[in-house]
């Protein structure tokens, strides 16, 4: 039973320390969520309960890791941005990625009923995770802009698609056929003329996704504050966002 | 909203394909489980409900990934052994690690009440994960032997410790003091003379941990079989285990 | 001039330790050697001076690194096989790769005139390098077989090509055209009927490449021995080679 | 001789593409140059022939790789700075590192006699190489400042040491003893009072190392220019250097 005889195997573990001074994104993504959302009767094109649950689980992660300066979620994915100076777990990639992903998953299941009430979770959902590094502030902004542009494109399409299916009685393939080759303005037009929907008036959470930030919030009349994670449904592609929250890119010693 | 302008950021993702023809271990490990088991009143030194839940969550993972040939669990950790020929997710490390870890975590929370009944889960637990590679069959056996020797050492110690504390009224530090410098035979002797416990008669699941294997099990009188994940509480340090389950190390084309 | 202020940059170096218990191949390859061999009037299809120089430079590398158990060279490339237990430079990939490559390059230039006599080296040649890992003995044999099969295919083609060009007066494109679609037996036939060449009688160094091994060689009548690097022009694809040199795959503690 | 049977081994090569948008340093370093400089009677503390040869070999590398924006050499080491936008070899680390190192080594041997005249090179020298990444411009400046501060510290020490040994007849250990615990001002004082040397008047190449830049140089009266690699012996720790050569950090599309 001598442990020492086998202990050499520990030396096969490799060092996966992340290059310093890079922004670290941990992005998690629902596995087979098409099936999952069908099984749980999610509203189409967006289920506010599902989005709120995602946001709540992400906030749990942010409270645990105070070096996450911003998180951005849409659909069944979430991106957690660790500050370029982050040092948690000595920047070991596996540790950072697996802890974020596990805590998110765990919170998603644990808090399910807070948002879905009596509707039971039918089976355990699964999220994968990856780490991506960005050396410059501009890279980071472009990454987040990429994800937000993705929401716009997908949500506009999905809003048209599901209105055609649910409110016009088209089959899925008919709706697809109808939308083939259309550009943004065509889709806006369809929504407006056929469904009386002004796309820009739809809830921002659907159109913009959710940005989570940690802010000092005034909690009483004596100006006492508390650190809280707050959701913002803003346009982060515009420079204005970064000016309003200029602490995000600040250098930390 | 041009997505293409930002899409370059996708090229910053790196390829983390695992070297072929190596055994791949994904090991997950409970984060701060000392606190977690206290908060949930786990029996000491072993809580059979907790172990069964770990085993059940691990079985969920094995059912999802059929290239896992063996899993081994003890305490709050589990090792999943992917066959050296495994090709899931094209052997991408992040994908394999994060999916295994997330599904395990999710199942742990989802099935909690199956084992803990009325006792509620108080907060979402978290598991970290890592990947380790072993080029040879001998390395793999040594890895598993290392983990099983670890169970033996820890469990013998913990069994003494908690008997001294719970049944003799020692404080934690007194129990530690009493056990300082003792070797295995000393501890066996303490258990036998002071608590009338023959260590070798304690449940094998406590002394050996749990090995999970997928086997074709006969399910009726017509010899029909079904693939099932079964728990074994055996000594895998001995060569006998590997002879009895010689399919584990078989080459697959 | 405080060095300490800047010394943090050292921490940006990453650990590139190679997974243990894998065979390590460092393969070097001449850069733009088509141009280099033209500029130096190498004989076609093979220049024995050039091959000897390659072999000599490789032997210099083997004398420096005693954990290289075998080297294999052909044309302008050389593969150095470090034993799976090798521990030089603590298995740091950059260190191993760069030292092997630099010493090879340096020796190639330094000893040029030993083989090319009065013919001057016109400009400094360059070799690139890569590292590839092989977990099993079979992988290693297959790697070397791959390189040796490559010699056979290329050399048979080149021997035909250059005989057609140099001895039949065909242009390069005519020779290419003539050989298009031919299989091995066709090429053997061309060599035999048109040039009276029995391919199998050509020098083994051209047909098989060069294997370098370190052997204890008897150096006098009193049976004193000395470790020497010796060239072998053998067929390593056959199992016979590995039986005759069974020390190569031996386990080292 | 079927090549295809073995070709699978090629798939064991791994992708080692470097993270984009980082400055890439390839640093090469003489192996056992203490012995090498002794064997070749290098002047102490600095041999101008040796430094010129290093600089010349580095210039050969810069001419080959036009994405190297600056090189910095001192003693037996050289750092090559590839622009953060560099794309040579698709940023594959092994390719970049090995080609730079091999061409440097090759040039060092090939051009030896240009600087050492009749004095023969006795054996092939060897250089190792590593790659280090720096995400920000400030990191890059700090890296180079680190290397230049290193020159200052070493050269001041060595200048004292060798004057004590060569001109005062101290043994090596006596000289070491004499210098133990001295700070910069002490060493300047020793040089001035005992050897009538004003350290700041010594050749800049010894005190500052060599910076190589590629510049458009006017080559005739008609203002025609040619790209040339020129040596500069300047202080790159000061911001002034970076202002004078502000093209170095410019963004390239």
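Note that the chains are named A, B, C and D in the order they appear, and that numbering of residues resets to 1 at the start of each chain.
Criterion: a contact is a pair of C-beta atoms (placed from the backbone, for glycine too) under 8 Å apart; a residue touches a chain by one contact, two chains touch by 3 or more.
Predicted, not measured: the structure shown is a model, and the values here were computed from it.
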_Counting C-beta pairs in contact, which chain pair has more, A-B or A-D?_
A-B
*asked:* Among the chains here, which has the CA centroid at the largest distance from chain A's centroid?
replied: C
*Roughly how many whole angstrom separate the Cα centroids of chain B and chain D?*
52
_What's the distance between the Cα centroids of chain A and chain B, rounded to whole Å?_
31
*Starting from the mean Cα coordinates of chain A and chain D, work out the distance between those two points in Å.*
46
_Interface hub residues of chain B, defined as touching at least two other chains_ = 12, 14, 19-21, 133-134, 139
_chain A residues within the chain C interface of the complex_ = 11-12, 14-15, 17, 19-21
*Report the residues of chain C in contact with chain D in the complex, numbered from low to high.*
1-3, 5-10, 12-14, 28, 31, 60, 64, 94-95, 97-99, 101-103, 105-111, 121, 123-134, 139, 142-143, 145-146, 149-150, 152-153, 184, 237
*Please name which positions on chain C make contact with chain B in the complex.*
19-22, 84, 133-136, 139
